[in-house]
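Heads up, the next two complexes both have chain A, just with different partners, chain B and then chain C.
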Partner chain A sequence: MNIRYLAFLFLLLNMTYLLTGCWDRVEVNNLAIITAAALDKKDDKTIELSIQIFVPETSGKEKQNVATMGNENTQSPTLVESAEGVNFADAMLKLQGKISRKIFWGQNEVFIFGEQLAKKGILNELNGILRAVQPRERANLFISKGQAKEILKLNPVIDRNSAESIHKLVHAHTGLEESIIDTLQMMNGESKAVALPWIEILTPQDGRSSNVRMPYIHGTAVLKTDKLLGKLNAEATKGVLMIKNQAASGTITVKPKPEKGYLSAEFVKDKIKLIPQITKNHLSMKLQVQTEAIVTQNSTHLDVMNSHDLAKIEKELAKGITLQIRKALDQGQKKWKADIFGLADTFYRKYPREWKKYKKNWDSLYPNLKIDIQTKFRILRPGMTTENPKI
Partner chain B sequence: MMQMGKRLFRKSFKRKQKQQEVAEHAENKMEERYGDEGISSNLQENIDFLHEAFGKAPDIIIRQFVIKHREERKAAIVFIDEMVDKDLINRNILRPLMIDSEKVTSTDDLWDLVTERLVSAGETKNVLKKTEILTGVLAGDTVLLIDQYEQGYVVGTKGWATKSISEPRSESVVRGSREGLSETIVLSLAMIRRRVKDPDLRVCTYELGKRTKTCVNLLYMDGLIDPQIVMEVEQRLKRIQIDGVLESGYVEELIQDQTWTPFSQLQNTERPDTVVAHLLEGKVAILIDGSPHALIAPAIFTQFYFSAEDYYERFWIATFLRIVRLISFFMALLLPAFYIALVSFHPEMIPSHLAISMAAGRATVPFSAILEALMMELSVEILREASVRLPGPIGPTIGIVGALVIGDAAVTAGLVSPAMVIVVGLTTISSYANPSYSAAISVRLLRFPFMIAASVLGLYGIMLLFFLLCAHLVQLRSFGVPYMAPYAPFNLTDLKDSLFRASWKYMNMRPVTFKPQDRQRQTLVHKGKDENSHETSGR
Partner chain C sequence: MIERGKISALQMAMILHSTIAATALLAMPSVTMKYAHQDMWLSPIWASLGGFLIVWITFQLHKFYPKESFIEYVPRIIGRFLGSIFAFLYLFFYWIILGDIVREYGEFLITNFLAHTPYSVISGSMLLVCAYAVRGGVEVIGRSAQFFVPIVMPLFLIVLLLLIPDLKPQNMLPMFEHGLKPSLIGAIPPLSAFYGEFFLISFLYPYVSDKQNKLRWGIYSVLSVVWTMLLVSFSTLLIFGKVGAHLTYPLIGVARYISLADFLEHLESIVAAIWVLSMFIKMTMIYYALSLGTAQWLKLTDYRPLIFPIGILSLVLSIWTVPNLQVLSQFINSTGTIYFLLMQYLIPLLLLIVAYFRRKQNQKKVAEQA
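Right after this comes the complex of A and B.
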């Protein structure tokens, strides 16, 4: 009995690796690791897929330098290659034909769509990206000014490659952070609109050669359904970040009315609550903002340590915040008429039954939706000094 | 297949029977040769017998002399050179018999006079058989034979050069006793006795090895230990029929529960304090003459990862060190396998920056990850083995040449990736963090199957093998005690001395795993409050 059992177990164990197998074993050094990918419109029917590949040989290796893994200050450790195709999958196949190593998407966290392609619509290509096994659906999505390929070609001196620069910028929260999966959820949701970070190219000011230009996130692209409508400026982006609860930090500067100087505060915590309301066939929205901040500069005569003055300061700052949010809302509601804040989804979530009635007219309801902003501002700390010297 | 199995079993059973017969044959060898023969009344005849029996060995000393008492009587003492205390022979046997005997006035029989009044030694025995002379002499005693008497007198004169008590080299601690057990069993026993002044400490003596006749002591605390364990160990010891026992390892392999496992089921230790600690937990200790390693049975998996120091340092430190050891256990077992799995199957699981660095490091490596890892592990094993054999003073030098120079050159030449060197180095160091050498070896062995599993199936393979390993560990038993206790079967109270060691204040009970008859370790049951500090503040 024992031998029979063991033989059976042996066969069973053999099956586990014969049936699964190590055929898909690929060593790291035989992969073309993609750090960023860009999609552009080539002509009316074809697109161009560009990828930035990490080139291991030239990165930090002057033969003896292999031991010091990841030497940061070396030149051009990446290679940009592109291929045309009718869609993403087609272009990917053609791209693989051009590159000796197996293209590996598993590490790619940056997808950039060119302005032209975004105007045409990005959903078709997103479908291809999401359907493929390797690309991560948690990769971040961006829209670039002009050709997206140009962003990949950049060679920022302070980072290893432009993909890394972009990635670090995302984590600094100066712009929105939207992954592929988030974007698709927004598109499939009730809002049918999405806001994506907008990338531009920054030219250094010290007169260095143009090939050390860096990418940077500057503003927000507004997409309705999946088509690019336009762009919000950096100022409006701040408001969008707050509404989407993505503002990790930020500074607000106000000019209290009778005073001459300015007062700045950096918020350490801000929370926004979107409360949709349907009363008597009337849709309205309440935004509850709660902000805690530290005073960073105060050139007014108001004393932060004085509770009377403090109340005044907090009121002024709350007003500033309200204004900032209002600006962003106006841009979305009035200018582009695109629900990039996902307000429709909040209605659907709170009033799933009633929503069916309003769903069809949302496009006409949205621009005129009454949005009430209630801001509570609290100064946590006055900063390192408390009193201004009296001159 | 069943049929075949049965046949195989029958065959092995027959073989066993045959073996048993052979064993019995060997046992009777000495008696068969010399028979049940009594000692002859003729001294010369006895001396001739001894010469024949020992084959005229140069170290067998037969000193013939004359006892002068009323009349002259021929006599002889037999002993083995350098196994006896010569001073004792001269002072207490030869001198009284040759010189003092003349002055004694007594009407007693000569034999009675010699044994009762002349030979002044503590440990003596009358023997009648010739074979008894042989065993006495071989054990380091001196045998006195007197003409016309059909008996011999065995005088305990054991006294050979022994190494002085040294530090336990494989289990050194920062805090704790520096004494290590001795190769001489009586010395080891004395060290243990000195630590437990309790008449309940039982010592049973066995003679193992048909030819080596090695003295083996079984130690346990009567009234504390589970008698079932003692019975089981006794039975297994009695079953040993080997010709020679030279080290505790012989006994360990012969009495362990399961042979086909990389895990040792008996612990060995060089430390007398560790032996006592285990005795007090309700385990047995086996001392083997000629070996400074005592065996502890039953042994559970966790105790191989405990150092004696864990119990001497404050429990915070002990707990921290145990966690460190747990981490190092997993590193030694799985780190190379993880590296292989990540590099060859799951590059998406490596953080981006690391993946890029690793790809850069591996760019020039001509081998696959598994081959690279196997090569490196093998060379480290060679280095490790060589460093054991190397003569003392050049050991470290060769180590540096081997590890640093070759390792560095291999990386610079692009034969090995730098990450691999780190992995191998960490693995090697981790395996040495284990306090027990024998347990560390099993981890060293198991590393290779894990690496192969990782190269075939990736992380899935590692998990698969890990489950198999767990299943194997859980079914292991050491003298009836589950190997993975107190985790499986789970026992809450025993967890006080597991990965976390509770303060001695709270360990009032002995571990229930070993089923001690007397569970109470200390009578004072502390309850939460710190009584000691309370007392002093009251004063």
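Right after this comes the complex of A and C.
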């Protein structure tokens, strides 16, 4: 009994050896938490990977400084570091060599590709990001005007860092929201084209504080397979958002024909249905749009409270929506000839057998595809006033 | 009888559920998607027919020899000499399987979570825990399954529930693009590698206490595995679409994809918890079948002295037979398929036929004598 007891004790003591080693021990204060990453083309063979690292100690004090002293020239709470390499993995390795703390990708939700790299193609780097263990499949992708690194260096005063600004912009739905997986799905799909949000730098209006510039999403980048072709402007982006069912909110302003003023409405619900049709070897597309909105400004003589006028207003607004969508479609079909709306996939899903015939010719069919837009517009509420007060 | 413990039919079903679902959760979707594309959710349903078949075959065999495990009654069916060889083939088979499973367990944790921890520590410590459970016998395994399954299932459902906002049902379309063939071909890997493991039920039948419910709970556990596989297939397909075929562990990707209200994110550790808990049951079950079977084959009075040697050998085997994950998946997709089908479907079926005719002949003899 006594010996068994001792043996047991001996075994227990031996267990403590197992507790000493922990190979994958991670301490937060040994991590360099990445908030955003940017990839740029360096030369024909190499890329430059830049990362924005959150600097935890200063950010607390920083906020206080800004709040109490209103000092604009305070130090940035983030650090931007970059390294070159032949690909993402190589650059990542070299980047780690420059930074004392262990790089941690788990919190990064923003990947920005520079214009030049995007023209060369982003698929190889996307595959590298997906294969690496830490970066997330849900991280959002962006294309930036000029060098993507510049976006990381920005220090927007209203947010902690530019990554947070971009993240918030995405959630405001002023531009597209496309994750790595969404993008790969589009590239792997039938349409072989992707639309990604386009980032530019907003310089403040008052020249005084020119060092506080902010990133903003301004338009849509058009990629065929994985190469950047060009961009759609902000106006056409509104249409793209609607077609992709990503327009959570938005406003439309129209000028009804005989009237002099403008009419604006903010939509609260916006749903679009893409209905592909194949009849007698002829491909066509029907878009059914359903929009519900609230009137936000009315400087015309039409009365929102009058049901007769209301029908007219709704018709005019529907026309405006149709026009907005048409603009986006035209740019995609005629100007860039890239199926960024995923129309090919809708054909493939509905007519898998017939699609095999058209698949090869899609590139020539798509620019001339007849697309019929049917918009139903409904005004839910007049807003806070009924008729405009008159002078 | 070496094993004196008794488990309930429910415990048996829970052990089997964890045993099959554990690896199927992580490994199955990308395999079926490779062959069946967007119809991959059908494949586990087709494959489940195999699961029902095995449960039925082993139950019929069990009815012929109610108090014996597979290793014990094989010599009774086809003669002592041939039977012993066959029994050894099965022990060898489970030995390889145990090696594979140990490797898979370690590989998953190393790839996703513990990049710098040595493989032998991860797998060795798990095998040590399993060895302890195996020493406890079938009752301990049954109880740990009963304890862990109610933890694992809600965790799994939580992951799936939080995914609902991100599901894209259009990824399922077009259905049956190339007819049913792709989904049937996609059913082969789950049929051989996953549902085939239901054969382990033949080691549990003799120790189930409520005799009436044995078959019924066996079938219930096949159904619950089908259900689990369906949920995993759907979540992978509706989130990743065809890209899912390129992911090593789609379920981890799916869990990482969760993002609710900007703070409920990064939930992959839940998947790790599910994996470790169900893999514990799985490894213990195979380990137990191997230890008990070896003792029965050698006609020993106790299987406990065999546990540690078998554990150490399995750890070594997991490094020898599976140098890396690529070799393992290649094995499962090529020779492994035939091996699994042969050992878990074909031979048991032939044995059942032989046993059936033997029984008839015996009855005739008895009738003649009378």
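Convention: the second predicted complex is superposed on the first by the 349 of 391 C-alpha atoms of A that agree within 3 Å, B and C clash if a C-alpha of one lies under 4 Å from a C-alpha of the other, contacts with A are read in each partner's own complex, and residues count from 1 in each chain.
By our rule, a contact is a pair of C-beta atoms (placed from the backbone, for glycine too) under 8 Å apart; a residue touches a chain by one contact, two chains touch by 3 or more.
Because the structure is a prediction, the values reported are computed rather than measured.
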Which of chain B and chain C A:Y348 touches, first, second, both or neither: second
Contacts of A:P389 with chain B and chain C, given as first, second, both or neither: neither
Touched partner set for A:P258, first chain B, second chain C, both or neither: neither
Partner touching more residues of chain A, whether chain B or chain C: B
Contacts of A:V28 with chain B and chain C, given as first, second, both or neither: first
Chain B versus chain C as contact partner of A:I3, first or second or both or neither: first
Which superposed partner A:F104 touches (first chain B, second chain C, both, neither): first
First (chain B), second (chain C), both or neither touched by A:L184: second
First (chain B), second (chain C), both or neither touched by A:F54: first
Touching both chain B and chain C, residues of chain A: 22, 24, 106, 136
Residues of chain A touching chain B in the complex: 1-4, 7, 16-17, 20, 22, 24-29, 31, 33, 35, 54, 56-57, 59-61, 64, 66-67, 69-70, 104, 106-107, 109, 134, 136, 160
Of chain B, residues touching chain A in the complex: 1-2, 4-5, 343-345, 347-348, 350, 352-353, 355-365, 368-369, 408, 411-412, 414, 418-419, 455-458, 460-461, 464
Chain C partner contacts - residues on chain A that touch it in the complex: 18, 21-24, 106, 130, 133, 136-138, 171, 181, 184-185, 188-189, 345, 348-353
Contact set on chain C toward chain A in their complex: 111-118, 121, 125, 170, 173-174, 177, 239-243, 246, 253, 256-257, 259, 262, 266
